[in-house]
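Same chain, two partners: subunit A is paired with subunit B first, then with subunit C.
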Partner chain A sequence: MAEWHRVASEDEIKEGEAFPVTAAGAAIAVYRLEGALYAIGNICPHQGDVLLSDGFVDGDKIECPMHQSCFEIRTGKVLGPPAQQDVPAYPVKVEDGAVFVRV
Partner chain B sequence: MTAVAPAQTQERRWPEKAAVRIPAWIYTDPELFERELQTFHYGPAWSYVGLECEVPSSGSFKRSWVGRRSVIMVRDETGAIQVLENRCAHRGSMLCWKNKGKESSFTCPYHHWNYDLRGNLLGLPFLRGAMGKGGMPRDFDKQKHGLRRLRVETRNGVVWATYDEAAPTLETFLGPEIMKLVDRSFPGRQLRLLGYNRQLLPCNWKFYFENSRDPYHATLLHSFFTTFGLLRTDTPFKAVPTEGGRHGIMASTYSRDTASKQNEVTKQLASLKSDFRLNDMEVVTPVDEFGDSSMINLSVFPSVFFQQHGNSLAIRHIIPKDVSSTELSWTFFGYADDDDAMHRRRMKQANLLGPAGHVAVDDSEVLALMQPVAAGFPDSTQVIEMGGRDTAPQETMVTETLIRAFYQFYREKMGL
Partner chain C sequence: MNPPPGPIVIVGAGQASGWCAMTLRREGFAGDIVVIGDESHPPYERPPLSKGLLTGKTPVEKTYLRPADWYAANGITLLLGARAESIDRSLHIVRLSDGRVVPYGALVLATGARARDLRGAPSGVMHLRTIGDALALRSRLTAGQSLAVIGAGLIGLEVAAAARELGISVVAIEAGSYPMGRVVPRELGEHFLDVHRSRGVYVLTGTSVKSMARSGERMALVLSDGRSFMADTVLVSIGSVPNVAIAEACGLPCDDGILVDEFGRTADAWVWAVGDCVRLHHPLLGRRIRLETWHHAQEHAIAVAKNILGRGTPYAAVPWSWTDQYDINLQIAGAPDRWDEIVWRGDPRSGPALLFQLHEGRVVGGAALNAPRVMRFIRQMIGLKSAISRLALADRSVPLRTMLGDKSA
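So, the complex of A and B:
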C-alpha cells in the first residue's frame, strides 16, 4: 500500500535543482518547476546505476549525466535514448512546510 | 669524416619466370602485409561480413572482421543491417568484445561512451562536467563523433561491406560467373544457421587462399576424399579463374547414383585404400540437392571461400591477423525449409570440415609446415607449372592455373 512519506522541508527544494531523497526504499528526486513540486524516480533506467540528480536540469527536463537521456520532470517520461523506459512519477504534497511523497 | 651511406631497404624483386614462380618473402614481409590490407581489404573490394540470419531482430549483432579491423554487424531499429567499425570514436577502445548478442545500444567499456544501433553517439559521461567542473567544451558536437559506418550490400541473406564508397557494386565486383554460383547456394531461400568453428592458422593468409585454389593437392593430401570416393583424380573437374584471377571456381562432378548405389561406392573402397569403412556411411554419401551433381567451391578474394562438400554448406571467412597468423572462421548453414533428413545429412557431413574435420584438418597441418620454411628461406621460390604456364580455365584437377591467375592479379595490383 502506498503511503505518504516526509522527505524534505519545502524550502530545500529550489528551481533548477534536483533534490535526491529516499522513501520506502525508492530513490526519488524532488524538483520545483514554476513554483510547483514534482517527484520522479532518480535512477536512470538505461544502466541502472546512475542518479539522475547528478545530472543537469534543463528547463522542464532532467538530463542524465552519463549519456544525456532526458526525462520530463513533470511526468518521468523518457524523451530520448539510450534510456528506453520512463522513470516513475510520485504524488507530492506540502503540509505545514514539509514535503511528502506517496510511495 | 666519411659519409655513411643510408641503410638500404632490401629491394624485393619477383623472380624470373614470373608467371610460374612465387617468392617466399611475400609470406613473411610485414611491410608487404600492411600494403596488402590497404590495397585489398580496405580498398575497392567487398568483404564477406556475415549472414542476415545471424542477426534476426533489431539489436541482434555479430562481431566480424574486414581485414584486420573489427566491425559490428547489427540490425538496426528499421530492420536494416549496419556494419560499424568496432572502435570507440573517443580513445579507440574495442567497443564490442562479444562474438554475438543483442543490445539496444553499444557502450564502450573504457569511458562508457554510448552509441545507437546506427553508430550515432548518443551520450557520454559527464559531458557537462561533475559538480560544475570539467566536462567537454561547449561546442563539442556529438553528431561529429559517431562510429564509422561501412557501405553495405546484402544479397539473398549474405552481408557484404566495403570501405570504398566508390567501389563498383557487389554484383560487378563478383562478376557474372561467381554471382551465378553464389546465387546457387544462396538462391533467396531462408537460411538456417547450423553452427560455427574457429581456428587460428600459424601461416600467412595467402597460403590459405592458395590452398582453396589448388585442386592438385586435393586427392593427394586428403586421403579421406579418395578413400571414400568423394573426389578422385579422374573426377570430371573444372578450375576456372575469374575477374582477371581475383576470384576462382573449383567444380567437381560426382556420380548421380552416389546416393542410391551406396554399395558401389563401398565396393570401390577396396581398390582405393584397403577396407576402410565408416560406421555411418551417410557422412560420405551426398544427395544431389542442386540437380547438377556438382560440388562447387568459390574463392572470393580477399575475404571468403564458399564451400559445398556434398550436402555440407560452409563459409570460410579468412581473417588475416598478422603476417604469419590467420584466423579461419567457419559458418555452417542450411535452409529453413530443409527436411529432417537433409538437416541430419548436413550436420553429419559437416564433420569433413572445420579445424578437426576429416578432410580440412590436413590443410591446417600442412600450412603450419609451410610458414616456417618461408621464414627460413625468404629468397627461395616456389614452382607453379602444373597444367602449363598460362592462366586459362582447365578441365582437370591436375593444374595450378588458379594459383597462377591469382598471382598475375596480385602482382598487378601490388605493383610487384
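So, the complex of A and C:
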C-alpha cells in the first residue's frame, strides 16, 4: 500500500539540481522544473549501482554520471542508452513547506 | 534511400549486433531481422567479464542487453550457436556451417574481434573475450592460487585487480615500459603501476615471455630478462584482432578491420559493418581507426542502424572508454595519437584527478580518475577547435563547463 513520506523541506529542492532521498526503502531523487516538483527513481537501471543524482540535470533531463543514460525528469522515461528501462515516477506534494513523496 | 527490401541479417551477436537490431526495430523497420551468433548467449555487454563476472558480483544474465525472449517478442530471430561460414553477395545469402542458407536484403557485419594469440603459447593458456572465457577463468581463480597475466593492458589489469580481490597472487608481465600504453599516456600508466604494486600485484615491465611450458598442472614461464617462475593459471591479454575473414572471403576491402565509410557502409551498398570489426575514417581524429570500446559498439551500431534506414548521419562520436580497477574508475576520451603537453588537475595519489593531453594548445585527449561526471565536458572540449588555457585546466576552482563557451549545459 503506497503511503506519503516526508522527504525534504520545500526550500531544499532547487532548480537544476537533483535532491536524493530515501522513502520506504526506495532511492528517489526530487527535482524542481519551472517551479513544479517531480520525483523519480534514483538508481540507473543499466547496471543498477549508480545514483542518477550524481549526474547532470540538463534541462528537463537527468543524465547518469557513469555511462550517460538519460531520463526524463517529469516521467522517468528513458531517453538515451545504454539504459533501456524507465525509472519509476512517484507522486509528489507539498504541505506546510514540507515535500512528500508517495511510495 | 528507402529501407532495404527483405530481411536485415546481422552476422555476429555481440553488443553492436544487439544495438543494431534494437535500433532498427525502434526506428520503425517492420521487416524481418535475423541475428546469427556462434555463442549460446543473446547479445551482451562485455565490460563485466573482466570485473563483476570474475568476482561473482555480476550474474551472467545481468550482462544481456535484453532478456533472450525479448527478441522473439519483437520479431527478431536469434540464430544462436550458429556459425556464419560464407557470404554470397551476388545471391544475397549467408551460408551457415550447418548447411542452412539465410537470405538477406541488407547485411550487417558485426563479427567483432577475438583475443590475440601469443605465438608459441602451449595449450591451456587462457584468453578473455566471451562469457564462456570468463566463466572458465573464474573457475580457476580460487584463493591461494597464482595467476600470471601476460600483457598489462586494460583487460589484464582489470583481471589482476579482480584476482587480488579474490586472494590470488598475481604476476603481470608487460613488454612496454608502463601499463596500458595503448590507451593512456606514460604519466597515467605509471600511476596505475604504483596502484597495482601497492595492492600486491607483481608487475614486471619491459620484459616478455621467452618460453612457456606445461609442468604438471601448472605452467612454467621464462622471461626475456632471464627470470622464471610457475603459475597455476596464465591469461594472455595482449589485445584483440578483428574478425574479418568472412568479409575478406567475399571480396570486401579490409585492412585490419572491415573498411566502411562514415555511414558504416562497406564497398557493397547492401553490406554494412558495425563495432569492433570495423576500421573507419574518424572525422574528428582525422585518421582511420579501429575502436574497441563499449561506447563505440553501442553508438556506432545505433548510428549505422539509422543509416540503413536512410537517415544519412555520419558517425563522429568522440572516442570514450573506462576501466574499473580496485576502487578506481578511470574514464578516458579522445584516442589521440600525438600530444605535446600533459596538464594535471589534482593529484591522483590524493583523490579524484583529471589529466589533459594537449596538442598545439588544444585538448586532444583527457582522463578522469574517480570523476566520471566531468567526462561530458572533457569530451565536448575535445570536439572544440579552439585552444584552451592550460592554467585554467590545471585550476580546480575553474569549472570545466565555463571553458566551453555558450553551448555548454
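Definition applied: the second predicted complex is superposed on the first by the 103 of 103 C-alpha atoms of A that agree within 3 Å, B and C clash if a C-alpha of one lies under 4 Å from a C-alpha of the other, contacts with A are read in each partner's own complex, and residues count from 1 in each chain.
Just so we're on the same page, a contact is a pair of C-beta atoms (placed from the backbone, for glycine too) under 8 Å apart; a residue touches a chain by one contact, two chains touch by 3 or more.
Only a predicted model underlies this, so the values are computations on that prediction, with no experimental measurement involved.
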item	value
Subunit C versus subunit B on the shared subunit A, clash or fit after superposition	clash
Partner chain(s) touched by A:P82 [first = subunit B, second = subunit C, both, neither]	both
Partner chain(s) touched by A:D54 [first = subunit B, second = subunit C, both, neither]	both
Which of subunit B and subunit C A:S69 touches, first, second, both or neither	first
From 6-14, 24-32 or 150-158, the subunit B stretch with C-alpha clashes against subunit C	150-158
Touching both subunit C and subunit B, counted on subunit A across the two superposed complexes	47, 54-56, 63, 65-68, 81-82, 84
In the complex with subunit A, residue positions of subunit B that touch it	104-105, 107, 112, 114, 116, 122-128, 130, 142
Residues of subunit C that touch subunit A when the two form their complex	19, 22, 45, 62, 65-66, 294, 298, 302, 322, 329, 372-373, 375-376, 409
Subunit A residues touching subunit B - in the complex, by the definition given at the top	46-47, 54-56, 63-69, 80-82, 84
Touch list for subunit A against partner subunit C, complex	47-48, 54-56, 58-59, 63, 65-68, 81-82, 84
